[in-house]
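Let me begin by presenting the structure, written as structure tokens, before commenting on it.
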Amino acid sequence: MPHTSSTTFRVRYAETDQMGVVYHANYFVWFEMGRVEFLRQLGFEYKQMEVVDDCHLPVVEATCRYKSPARYDELLTVETRLSALRSTVVRFAYRLLRPTEEGPQLLAEAETTHVAVNGKMETRPLPEKYAAPLRSALA
Amino acid sequence: MPHTSSTTFRVRYAETDQMGVVYHANYFVWFEMGRVEFLRQLGFEYKQMEVVDDCHLPVVEATCRYKSPARYDELLTVETRLSALRSTVVRFAYRLLRPTEEGPQLLAEAETTHVAVNGKMETRPLPEKYAAPLRSALA
Amino acid sequence: MPHTSSTTFRVRYAETDQMGVVYHANYFVWFEMGRVEFLRQLGFEYKQMEVVDDCHLPVVEATCRYKSPARYDELLTVETRLSALRSTVVRFAYRLLRPTEEGPQLLAEAETTHVAVNGKMETRPLPEKYAAPLRSALA
Amino acid sequence: MPHTSSTTFRVRYAETDQMGVVYHANYFVWFEMGRVEFLRQLGFEYKQMEVVDDCHLPVVEATCRYKSPARYDELLTVETRLSALRSTVVRFAYRLLRPTEEGPQLLAEAETTHVAVNGKMETRPLPEKYAAPLRSALA
């Protein structure tokens, strides 16, 4: 079964806007938190990937469908899974959930696609030490 | 010919991240600037739409394809046009451009879809005084 | 002894800038998290204060002294305490700490001063149900 | 007379919070814009200082006094001047202004103190090519 990670966090006041709900761009910051925790649960740190292996994963495509607004001070969960993997491309899928008495309510669904690059932004294959655990997370 | 607006702005230090380029979520803040200026050029202010008519346009879907990274202190341009319009739905398309000697370089392309709601987040038709100029911008 | 609350959080990629450290303005977002958790530990929610009592605490003064830079992916702690209280004014003091083997390292010290206002931004005394626990936290 | 620079910008929706005004931390982003334009008017770019001379100016202290809230879509001005200069320390003072028919209204006053460092965050004297124009701006 594909590996899925869960990250729970509290909505910050700074993340709201004058509509009284969370500003849409901030969801992508949460998805990044989900992605980093997903990698940590697979056994490695994105930080080390950048520092030790000069391998970065900038976003080349990002999509979010907003179902219901997130609000200040809520405890929300991001579920993250790997949705595609090629030698230089990694794609993650996310679900933003609010816990309710009737079970989790879906607030947003998203995907981000990343290309592996070095510090000069040149495409490079993902090092095997990262590709191997990612492959296992897809299976 | 469809109406297109152009907004030029300078990249802020706060918008960069430790990869040395602009953090991907911040592009959506720029697209919103583009959207607001598009409406202003059509003859109305989004601010007034919220205050006077209790009509808000939250984002229900957002997509961005990142082609080339934006960098600190660059003067960039967002081109905005309307790409779809229904009674309760508005969609905008954006191109983020860097001026170069060989002409504008495309840094990112994006779309955002919005639903017209009142202050209680209930869907409502776009008031005709806004729908009319938007229709003319599509033509 | 004065009440102090501790909140631990992980530094987000979005919070860094191209200097490779956290952008200075983001510390104030963390201090707000500390403040909200401080109030929660005293037994009330800032959210309820806004919604139920139309009492808001906008910042009228904010100061931070940055000692050592915070970095991506670190687990940091904000310690928050109340440093002053008058009928319409509340002041909080913060210490941002990095855990190390030799004990916590001070990364930043800050203070924020707040005035109690209603939704029209008119000054109003803090309701007694909030003032009482705050007084006890000062003692 | 000391040099003062003026930068005008429009408040973004993303900068507001659910109180219906601009979130306090975002003012520091605006002051940074003011600082960068101040330096540009003196004849140099902060960007070049980082890239060409490995000289960075991280903030070591920041203070803001908020007088009146800034609101969405307003055109505001940041006035920036140099308030202190030593071999490794630079201090800027800012005034955030709203134009009104009766003249500019002061929304906030602030100061930021910076230390000159190299890319390893080691203190270093400001290169003379930057120190000289800064001294002239103080006079």
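As written, the chain order gives the labels A, B, C and D, with residue 1 at the start of each chain.
The definition used in the following text is that a contact is a pair of C-beta atoms (placed from the backbone, for glycine too) under 8 Å apart; a residue touches a chain by one contact, two chains touch by 3 or more.
Predicted model only: the values in this text are computed from it and were never measured.
Chain centres here are C-alpha means, and the one lying farthest from chain D is A.
By number of C-beta pairs in contact, A-B leads over the other of A-B and B-D. Per-chain CA centroids place chain B at a distance of 27 Å from chain D.
Taking the mean of the C-alpha atoms as each chain's centre, chain A and chain D sit 34 Å apart.
Centre-to-centre, using mean CA coordinates, chain A is 24 Å away from chain B.
Of all residues in chain C, those that touch two or more other chains are 13-14, 19, 21, 25, 29, 32, 72.
Chain C meets chain D in the complex at residues 19, 21, 24-26, 28-29, 32, 50, 56, 58-66, 69, 121. Across the complex, chain B is touched by residues 10, 12-14, 29, 32-33, 36, 45-47, 72-73 of chain D. Interface residues of chain B facing chain C in the complex, by the touch rule stated above, are 13-14, 16-21, 23, 25, 72.
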